[in-house]
Structure formats: structure tokens, C-alpha cells
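Which chain is which? They are A, B, C and D, in the order written, and residues in each are numbered from 1.
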Amino acid sequence: MKQQTETIGWTREEMAQRLAQDIPNGSYVNLGIGIPELVARFVPEGRTFIYHTENGLLGMGPSPAEGAGDPELINAGKRHVTANLGAAYFHHADSFAMIRGGHLDLSVLGAMQIAQNGDLANWSTGKADAIPAVGGAMDLVAGVKQVFVITQHCTKAGEPKLVEACSYPLTGQGVVDRIYSDLAVIDVTPDGFRVVALCPGVDFETVQERTGAPLLPAQK
Amino acid sequence: MKQQTETIGWTREEMAQRLAQDIPNGSYVNLGIGIPELVARFVPEGRTFIYHTENGLLGMGPSPAEGAGDPELINAGKRHVTANLGAAYFHHADSFAMIRGGHLDLSVLGAMQIAQNGDLANWSTGKADAIPAVGGAMDLVAGVKQVFVITQHCTKAGEPKLVEACSYPLTGQGVVDRIYSDLAVIDVTPDGFRVVALCPGVDFETVQERTGAPLLPAQK
Amino acid sequence: MRMIDKRVPSAAEAVADIADGSSIMVGGFGEAGSPIELIHALIDQGASDLTIISNNAGSGEVGLAALFKERRVSKVICSFPKTLNSTVFPELYREGFTELELVPQGTLAERIRAGGAGVPAFYTPTAVGTPLAEGKELRVLNGREYLLEFGLRADYTLIKGLIADTHGNVLYNKTARNFAPIMATAADVTIVQAAQVAEPGAIDPETVVTPGIFVDRVVEVAKPAHESELIAAGVCYP
Amino acid sequence: MRMIDKRVPSAAEAVADIADGSSIMVGGFGEAGSPIELIHALIDQGASDLTIISNNAGSGEVGLAALFKERRVSKVICSFPKTLNSTVFPELYREGFTELELVPQGTLAERIRAGGAGVPAFYTPTAVGTPLAEGKELRVLNGREYLLEFGLRADYTLIKGLIADTHGNVLYNKTARNFAPIMATAADVTIVQAAQVAEPGAIDPETVVTPGIFVDRVVEVAKPAHESELIAAGVCYP
């Protein structure tokens, strides 16, 4: 299984690029840590997205040149970033007022599990010896207008991440709108997972095999 | 009665000056509309008070010269004011966070009635045809550390304002700490009204006559 | 090529889609911060049966008071509807044409802030034991009584800034700031009139008061009128 | 004659009265905004059995992590105790020495803001249906489920500013602002270290982020250290 997932499907960059194509011009977007951060590299021609980082910056720009970083200008992943023209700094309560108040158009997050009803688990394995850490994920899924998940379709061990019900502790209930995996783009609908697009060279049956819940085919 | 109240007792300016003497250096103070505004004229030598106006200014300064006012720099009474060095502007939610959160040291308010348990009525006669208007008075009495009332001891009709129980709609329950009237300075204590100081030339019995609840004499 | 540009050419176009029955937050404390040109455009536009959320109910017969006088406002949510030179609202209130929801000023501010921040309800000590507590849930927390108050939102917000940029970042002037920054967060559509509309970068990111995410439309009104000056000049709008 | 002057001569004097068992809010998101010099002064001072309220639990063995390592912290209220180079807290947590109250980041921010604003409790949609909702009141408002969360206050707040004036007005630097302005409002005693302490008037009233009313003590730390630089240099405090 592991070998297969390496040889078929989109790369992480292709997943990010595919997702970026679905973001309308002028959107206010929060990108989670990890694969979601790659989305910022693929802004389609003719569009501008305004990036929000929950530690108090709207209008976040790309990473600075190596060595040019300011330890007091960082993103939620604690990496050095820059501020674009038209940016604004604000405090944490105002930042999460933007999130909780529904002002952001899109949150892009990673996932450990996504259930067919849109439940998301992405913060804890629930293991007894794990140090629990949640950050802003629960606020993002509760407040942002749309939640896109970008993730490998299966875990490194080959287990499906798209499941009937999450076994890990939840981040939020019924919060995921769409999933961008290495194999497909899949909507969470009232009827369950529905394939929107397949990666070229990957067929529906292959995706279904690697998914822990029934898949509906793309609508005509 | 009316004639008497005009010929004995402190003037409004003297009442304000007496109150100002009881404000410690460095206090953050909100002055209500009317007689309370006079307090700002009598800052004792060697002290600085920082005035808050609930429409978004801390460090409010005196009125500008006639004709030099800015219609966008006003106080809660909608009069032109100035901003001192070290002032700050902020929005209404932040302004009332200061009030409700207990950050102001003193609120000086006018009154229609004060009950012996500290209840205050100062916003409405409760008459059916009155246009109700409350402003920030209920927030001030609920949140500011100390509430001083500055008022004539009796109404223009000679009715006592210090009463056993308010007949007008309340602004807050048990909120008044001290009253500065033209006749006396009176504390609201768990045992009721207690005279702290009498206006020179006014005796205890005279004040009691004009008060609608029992007065306790000053403590030794 | 400018890909985000929230400018609208005129106040008339900025308010063109406001429908009958809309709820509208209007910035200002007295005349400071009152977006008079947007209000006048709304009067010209004709929408009626409006719910207005604003600290006051206007003065004279210009701005907010003129909107009331034109009988466009069926309900007002405010803390202090009586002001110097305020004659229009009292008549409509006594007549029963305009309903009044009276809210303590700090509770009004906090309800608006909550509405914009995704907080549906909160407890506050303000107004406990007063007539304004009637019908409200009372709850004892840590030995003190509090009232439950609900977040407040509107269809539109109309506010006045000093400088805005095309992304919708706004700076205000002195105490004209008052309710504007919180109202900007609590409406589906926030419309700003600003004396100057600049390119992104004109406002230092450290000093932005209203970040552009809260603003939908920006219109330049280079020399905004002041209510007191219009009243002194005897103006009655329209 | 200066009649209001909140300056304190040194970080040591600024934290001198913090007693064992105190609750302390500490600004910063990662290293940005972490008041390292105040924390180091607190380590030198010796107070123990502290409750720390901060977004993270420190990195390396400097600043907040060093305070943990000295076994001064019996409880931490935070959203993300795991960070790069964070080894101290995990050991104390597994050992059972330091208790953890895990709070979603936005709920933590809103609880602090509420604590400073006189709001004892509020409802929020965050964490509904998750393990962090356990034991909390669930309430349906307008058809949606919300949790009741309580305002949070502390005995002290330690934060880092860029410029402060003697009245306690503060400006911050970029994303070092984060929790500082709300923590300043929510403690009995707020202590600010700033790279520059100026006279009143040095800060434009329009740009003040933290008004002086929230600040009790200001200490100038002209060249504050950065956590990452100390860690890179191999520093372990004390």
C-alpha cells in the first residue's frame, strides 16, 4: 500500500495548487501549519488572497530572505513572515473575533481523521502520555465560513483518514466542507462523501478502496 | 423652604471643590453631566487626576477657547473638550470595558434620589410621557470602584432627595458610596446615612429635617 | 492591476441595495462620527421600515433626525434618544410610530462587539435591579447577580472614518471613533465614508483601528458636514 | 513636577512583591512578545506555586521554560504547551508536578478579555462536541449549541512593549502584540517592560494600543533578549 501511495496521486504541491484554484479573488484565508502553508505559493493569476494569522496579523506576506527574519514578526507556526502593503496588526481577542465572528472566508487545515458527517479530528491522538495541545483549531472550525482540509488520503501506515466516524478526539462536529487529498477532491455532503474530482490516473474504485466510508460519485 | 436652601449651604462650586479634595492623586475619574463637571475645576495643588469620558477618551482636558472647538472632540455631555498629553482614544466597547471591568477609581454622578441602602435613581421620572434615556449611568454605577453623588440636598420643590427608598426607577442597587450635597457630606453605610461633615453654619438637625431617612451623626 | 478595491464612486451607490425592513447600525456619538452623507443618501434612496441601532436619535432635522422625520424608521435601539435640539424622535415615539428599545450604553457597545465576535450572549452586572432588567435572565455567578444579554447584529453598518485604504482599513478622528470600530464588525455589509481614500500602504499596520476584513465598501466624502454646523445654518434635509 | 509616574527602576523591583501562590498572565506567542527580563527577574525573586496563564509553555531553558524548570509553576492555563525545543514542560506534566488546563486559543483570549471587561461569563461555539467541552454548560441559542466560558483574571500580568510612557500607555512591535493588550486589562497589577519609556505626549493618542489605565508599573529594558537567540547561544537561565 505504501508504495502505491507514493507512485500515484497528486504531490503535496499539486494538492495545494488544486485547492488554491478554488479560492475566489479577495478571500480572507487562514492557513494551518504544514501542508496548508503550501497553498500560499499557488495564488492563481489575477487573484489576491489576504492571509490571516491568528497571532495578530492580516495581510501576511511570504517568508523573508534567510537571515532577514524578525523574531517579533511570525505566523501561527512561529515561522518568520512579512507584512504586505495594507496589512494590520491587532491583539489576540480581536484576531479570534475575526475567526469566531465568521469574518474569514476560508480555513485550510490538516487532518488526522475526517468523518462522513464532516467531523474533524486534528489535534490529539487521545493517548494517555500525549501532551495535549489544541491551539486555535477549535476556534477556526467553529467560526470560519468554509473549512477545507488538505491531507494525504491515508496515514503513513496506510489507514484511511476519511472514515465513517472519528476515533480520535474531535476538533469540531460537522465542520469540514471539502477535502483535498492526494487522490481526489471530495465534498462533505448531507449524504456523505462525494467525489468532486479525481486525480488524473486514479479511478473511483481506487479511492473508494482507500476510504473508510462510502463514496458517492461526482454529480453530472 | 426654597428660600432657606438658597441662603444656607455650600454653592455648587464649593460642593465640587469639597469633593475634589477627597480624590487621591493619580485617580482615574469619570465625571457625569451637570454639577459633576464642575469638579474638574478644583484639582487640589500637587495632584493629577486623569479624566475618562465614556465616548472614547482617557486624559480629557479642559474646554477649548470659545470657537476653537472640534466637533469630533467632545465629552459625554457632547461639549467640546481637549486632550491632555498622555491621552488615548479608543472605541466604545473598550471604553465600557474600562468602566465595567472596575478600572476607573471614581464615578461622580448627579442624582434624583438616593436611598439609605445606596440605591440610586438618576435617569428617569418614570412618567408615562417621558422619553426614556439612560446613557452610561447604569454601567458606571455597576462597574466603577467608587460612586460619589453630588447634588442639591433637596429638589427645587423642597422634597428630600435622600430617602428611605427610591420612588423613581433605579439606576443601580446599593451603588452609592458617598453624597456631597449643599448641606453636608454623607456616607452610605451598612447602618444607613452617616454625616461625615456639615457645611459651616448648618447644624445636624437642619440636615436631618431635610432628609427623608434617619441620619447618623459623624463618628468620632 | 488592483485586485482588491472596495471603493464605491458615490454615497448613493454605496447604499443603493439597502432594502425596506433592513436593520442598520449607524456610527456616531452625538454629531461626532455621524456619517451624515451616507444617511442623506439613504434618505434619497427611499428605504423604509428600518431598524436603526445607534447611540442617539439625532438632532435638528439633518442626518439621523432627518431619516426619522421622513418616517423611515420603525424601531430604534439606542441608549440616549434625547439630545439637545432633538425634537423629531420624541414626536414619533409619543405618536407610537417608532418603537424604542432602550439599552444601557455599555451594554449596547458590548452587545455589538459580541455580535461581531461570534459571541451569542454574555452576562453583565449593568442594569441589575432596574426596570431595564425586566424580562431578562438573572443569574448569580460568584455571588453577584448578572443579566444575560444577547449579541446584536445588523444587515448594514454606516460609519465615518478619517482615512481609509482600498482594502478597507480605517483610521478615525478623535472621539468620532466611538461606536464605529465595533459596528464595522457586526453587520453583513459595512459601508465607510472617509475624508480620504488611499492606496494600501498609506496606513501604518501598527495603527490600523478597523482592519479591512470588516469593511465591504468605502466611499470618499472629502469634506463631510458636521451636524451642528448644518443646524446652525438652518438646514433641514432633504 | 511629574505627579503620575509609573516607572520602576528595575525588573527586580517591578516583580518584588509577587507572592508564592500568585496567578500570573504572561504575554507572548512563542518568543514574540515574551517578557524575558521580567520572567528572569521573577526566577531570581523566588516566588513559587505559581499559576501561569500564557499561550505556550516556553522553549529551551530560558524565559518561561526556565521558570517551569525551576519548579515554580504548579498550574498552567494555556492553548499550546508543545513548542519546538519545548522539553521542560512535558517532563513536569508527565511527572504530575504541573497541572495543565488546556483552553482553545480563541476561548483563552476571549476569557482574558472578558475578565478585564467585567464580563463574568459568555457563550461560545468553540469546542462544542469535543473533549474540551466536558463539564461545561451547554446551551442552545438560536438553534445552535454553545458552551459557557468564564472570564479569567490574575493577580499579575507581565508583558513586553516597544514604547511606553510614564502614564502607562503602551505601543507594541508587530506580532509581539498578541495577548499583551488583553492581559493588561485582566490583572490586579500589570507590569510592562518596554524598550523605551518616554514622557507623556511621545505617543500619539490615536495610536495608543494599551491605555495607561490598565498599567501599574513600567520598567525600561532597552535591549530585550529574544528567546531563539538565547537558545541558539546555548543559554540556560539562571
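Keep in mind that, in the parts below, contacts are C-beta pairs under 8 Å (C-beta built on N, C-alpha and C of every residue); 3 or more make two chains touch, one makes a residue touch a chain.
Since the model is a prediction, treat every value here as computed from it, not as a measurement.
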Check your understanding: Measuring centre to centre with C-alpha atoms, which chain is farthest from chain A?
Key -> B
Check your understanding: Counting in whole Å, what is the centre-to-centre distance of chain B and chain D, each centre being its mean C-alpha position?
Key -> 36
Check your understanding: If you average the CA atoms of chain A and of chain D, how many Å lie between those two points?
Key -> 29
Practice item. Averaged over CA atoms, how far is the centre of chain A from the centre of chain B? Could you give it in whole Å? Key: 56
Review point. If you look at chain A, which of its residues touch at least two other chains?
Key: 57, 83, 89-90, 93, 96, 99-100, 142-143
Review point. What are the residues of chain C that contact at least two other chains?
Key: 110, 113, 117-119, 124-125, 172, 174, 206
Review point. Of all possible chain pairs, which ones touch?
Key: A-C, A-D, B-C, B-D, C-D
Study note, to complete from the structure: Seen from chain B, its contact residues with chain C in the complex are 53-57, 70-75, 78, 83, 89-93, 95-97, 99-100, 119, 124, 126, 129, 131-139, 142-143, 169-173
Point to revise | Complex interface listing, chain D residues touching chain C | key: 110, 114, 117-125, 141-142, 144, 146, 150, 171-172, 174, 206-207
Practice item. State the interface residues of chain B toward chain D in the complex, per the touch definition above. Key: 25-26, 28, 46-48, 50, 52, 57-59, 83-90, 93-94, 96-104, 142-143
Review point. Hey, which residues of chain C end up touching chain B in the complex?
Key: 29-33, 55, 79-84, 89-90, 93-94, 100, 102-110, 112-113, 124-132, 172-182, 209, 226-229
Revision key, fill the gap. Contacts from chain D onto chain B in the complex sit at residues 1, 3-4, 113, 115-119, 165-167, 169, 185, 199-201, 203, 205-206, 208, 211-214
